[in-house]
Structure formats: C-alpha cells, structure tokens
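By written order: A, B, C and D. Residues from 1 in each chain.
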Amino acid sequence: MPLPQPSDTTDTVELRIPSKAEWVAVARLAVAAVASRLDFSIEDIEDVKLAVAEACTNCIQHAAGSDQIEIVCERAPGGLTVRVRDNGRGTRPEAIQSRRVEETRVGGLGVFLIRSLMDTVEYDVHPDCGTNLVMTKKVSS
Amino acid sequence: MPLPQPSDTTDTVELRIPSKAEWVAVARLAVAAVASRLDFSIEDIEDVKLAVAEACTNCIQHAAGSDQIEIVCERAPGGLTVRVRDNGRGTRPEAIQSRRVEETRVGGLGVFLIRSLMDTVEYDVHPDCGTNLVMTKKVSS
Amino acid sequence: MDIKVTVRAERGGTYVVDLNGEIDVYTSPKVKDALGDLIDKGHYNLLINLEKVRYIDSTGLGVLIGGLKRVREHGGSVRLICTNPQIRKIFDITGLVKIFGIYDDEEAAMRALV
Amino acid sequence: MDIKVTVRAERGGTYVVDLNGEIDVYTSPKVKDALGDLIDKGHYNLLINLEKVRYIDSTGLGVLIGGLKRVREHGGSVRLICTNPQIRKIFDITGLVKIFGIYDDEEAAMRALV
C-alpha cells in the first residue's frame, strides 16, 4: 500500500480576495464553512469567523499598498490554523496593538477581539512584504 | 492621478480546496457569497452554486491523480465568470458529456446541469494538466 | 452543510424518510445507506420528504434514482415531497419530475395510490 | 451579507433604528449614515434594535460608539436591544456592555429612563 501523501494528512483551503471591504464577507463565510467541516461548535465557528474578518479588515484599513489578502486554513491537530496575509507595506511590530478596552473611542478593538477569540495569535510583520498573522483555534471537547 | 491598475477593475476571488468530497461545500458557499456581492438574484445564486459544485464533484470523481481544485471567480461585464480547474490526468473532450436525460440511470447529470444553469460553458481538456472549465452567468435584469 | 436522516413507518406499509440539510457528494452516501437499509429489509414503498432539504446536487439525485430502480424491481415506488422551488426546478430541468411522483405535502403523497 | 436600516419615531422623543442583516466593514457606513442623519436632525435619544443582526464586527461596534459619543455631547443616550448570544458576547468581551444600556426587548428598553 502506498504511503499517504502529505496532502492526505494536511488539508489546506486557500482563499485570495482583493483587499477591499466588499470581499471580507466572502472570506468569513468560506472560513466558517471550513470550520463547520472540522466539527467546531456554532459558537466557535462564530469566533473564528469574526477573528478572520477582523484580520482582513485590518489588512484593508492599515496595510498600505496591499491589493490582495490571502487566507489559508489548515486542519491542525485538534483544531484549525488560519493564516491571513496582506502584501502591503507592513508596520512596526509595536503598532499591532489595540487600545485599552476601558477607553471609549471609535476603533482599536480588532486585534483585541482576535486575541480574545482565538487560542493562539502570532503576528509576523515585514516592512517589505506585509503582515502575516497566524492564529489557531482548538475544537472544544 | 494614477491610472487604475487591472486589479482595480477586475476583482478576482481565488479558492483552492483539496480534491475531496468534504470540501465541495466550502467552494459552493464561497462562490455563493461572491455571487451575492455581485447582485445576483437568489435563484441565480443557487444556479451558480450548483454548477460550481457539479464541476468540483466531477474533478473529485473523474480527474485521476488530481489532489487540488482551483476555483477562480471574476466579475465579468454584467455578470460572473467562474473557472474550475483540477490538476488531474484529464480526459478526452468527447468524454465530457452527460447521458441523455430520458435515460433513467444513476449518474450522468452533472455536465447537463452545468450547461442548463450557466449562460456559457467551455471545457478545455488537457491530458497533461487536467480539465479547465470556464463558465459565465449573466445577472438577469 | 450536513444531512440528517430520520425514518418512520407509516400506514399501508409505507416508510417515510425525512431528510434535513444538504445532499451533496459528501453527504449523499448517508442517504444512500438509509434507503439501502430499508430496501434490504423488504420495504419497497418509500416516501422521501425533501421539505427540509435546502440543497441537492446530481449525486443526491443519483441516490434517489438508484433507490427508485431498486424498489421498482419489487413493484414498489418512491414518492417525493418537495416544496422548495429551487429543488423542484432541478427535478424539472432533469426530467426526473416524470419518473418520481412529486407532492406538496405528506397527506397528498400518502393519498396517491401506488 | 447586507444590512437593512429602518428608522421610526417612538414616544418620548426616542428614535428606534431597526437593523436587519450583517454589520461589517462593508455595510457599517450605511448604519453610520443613518445614525448621523438622526443626530444631525437633533434626535439624541436613540434605541438601536440589533435583534435581527446576525453578525457585527469591530467596525460596527465603532459606529455604535461613535453615535454614543455624539449624542452624549447633547445629554442623549444610545440604548441597544440585543438577544443574540453571540453578539452579546462581543459586547461583554469588549466591555461595551458597561457603556451601552443593553435590553432584551423594546419594551424594557423604552421603560428604562435615560
């Protein structure tokens, strides 16, 4: 019997959308569909959906010069890994930070929500090739 | 003022799924989301959804050796172009044909449905690099 | 994105199969198994309720056709309840409307003699 | 994937804004405009009904916060009706539950004095 190929064990769904507000809904619906195939609860699916949407929104609003967002979903042991990457100018790592929640002002909640809703969140910031966010969510048992 | 780039005029959404039955739902939901952004009616959205699902199902069931399906949606003048491509062994162009509808047997309805539901359908068959289906749907006015 | 299958016995030896969800290349084996089980047990008069089916593709149609062919060998029938206009359209386009009895509700389908 | 906004006058000078759909980076400008219009016309007591909102992101929250800040400058208030547990959770996590009055239905929200 042939050995299973890597593609048999790691299922990857890749999506590319233009860096425009109107396409964020496509990303969040596609990722929600992936998550529901992976047996996430409805609440967890909503969490992943919102985190991905916040990440895409930040690419659109802050990644200067970005015209495309890449969203990659990978079945991880016991859960899901989602990468969101723009091809914009990137920023300083210190800039990736929400306001304090107590402060009542418009904006500054996106990164906070991503960190609250996902289990692990890592930003990889490159001034030359945009911002790369890797986040994971475990299936609650 | 800079000239608009091609990416400003042609919005493209690209999706890649593993060539497995469980991921077809992700493709059809993503394409349905794209279609609803383009002002298709609910009925037209359902048509596009089914056509894309039939195309993906054929890649999974007939494209020997294919491990990935690529679905590309492009806003076309007055509608939507969807390309569905597998990286399997391909087939003979004459093979891309459904049974006669009068015949009562299991199977053989996929290509028929695609042709019935979409406005234009073109198969480009390559024995070396898989099957490439380009189909369009006009927004009904 | 999934399908729920429930089977219940009705009067006159008819078995009702309630389907709820989406029938596609991934979920249709579950429907196929449920129909196969009934037929293996000698139940040849089936009423398949598609009222809560939001989506069906050619794989799902294939399962229904396969069931019909098997019960017909025993003089049985497959009746469908289908109200969703999008799904009725698929039965129309494919001409399957001519080989299945398609009804608006369970009562009408039960009244229709085999 | 879209948002429908309907505005109606209620007793006590309160304006009710019924939202139906999804509030995200694409649709929230429509909500922002509707609130801006009301405030520009001097209506500072707003009741925003989120019962039919299936999804809200930080852009949507930003619009609500922006509305609240503007009406507060005139001694007004923004009350929210929100029953969807997923959306309530977002208000909880972000602490916004402390700055908005959040109610289960319109009657409770109308009863609550400003």
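Throughout what follows, a contact is a pair of C-beta atoms (placed from the backbone, for glycine too) under 8 Å apart; a residue touches a chain by one contact, two chains touch by 3 or more.
The structure displayed is predicted, hence computed values, not measured ones.
Novice: Chains in contact with subunit B and with subunit D: which ones?
Specialist: A
Novice: If you take the mean of the Cα atoms for each chain, which one ends up farthest from subunit A?
Specialist: Using the mean of the C-alpha atoms as each chain's centre, the farthest one from subunit A is C.
Novice: Between subunit A and subunit B, what is the separation of their C-alpha centroids in Å?
Specialist: Result: the chain centres lie 26 Å from each other.
Novice: With chain centres defined as C-alpha means, what is the inter-centre distance between subunit C and subunit D in Å?
Specialist: Taking the average C-alpha coordinate of subunit C and of subunit D, the gap between them is 46 Å.
Novice: Would you please write down the residue numbers of subunit D that are in contact with two or more other chains?
Specialist: Touching at least two other chains: 1.
Novice: Identify all positions of subunit B at which a residue touches two or more other chains, and write them in rising order.
Specialist: Each of 22, 25, 29, 33, 37 in subunit B touches at least two other chains.
Novice: Linking chains that touch, what shape results: line, ring, star, complete or other?
Specialist: Topology of the interface graph: other, matching no listed pattern.
Novice: If you go through all the chains, which pairs of them touch?
Specialist: Those chain pairs which touch are A-B, A-C, A-D, B-C, B-D.
Novice: Enumerate the contact residues on subunit C facing subunit A in the complex.
Specialist: Those in contact with subunit A are residues 1.
Novice: Of all residues in subunit C, which touch subunit B in the complex?
Specialist: 1, 22, 24-26, 55, 57-59, 61-63, 65-66, 68-69, 85-86, 89-90, 93-95, 99
Novice: Show which residues of subunit A lie in contact with subunit D when the two form their complex.
Specialist: 21-22, 24-25, 28-29, 43, 46, 49-50, 53-54, 56-57, 60-61, 101-102, 104-107, 109-110, 112-113, 116-117
Novice: Which stretch or stretches of subunit A touch subunit B in the complex?
Specialist: 5, 7, 11-18, 20, 22-23, 25-26, 29-30, 33-34, 37, 67-68
Novice: Quick one: in the complex, what on subunit B touches subunit D?
Specialist: For this pair, the touching residues of subunit B are 33, 36-37.
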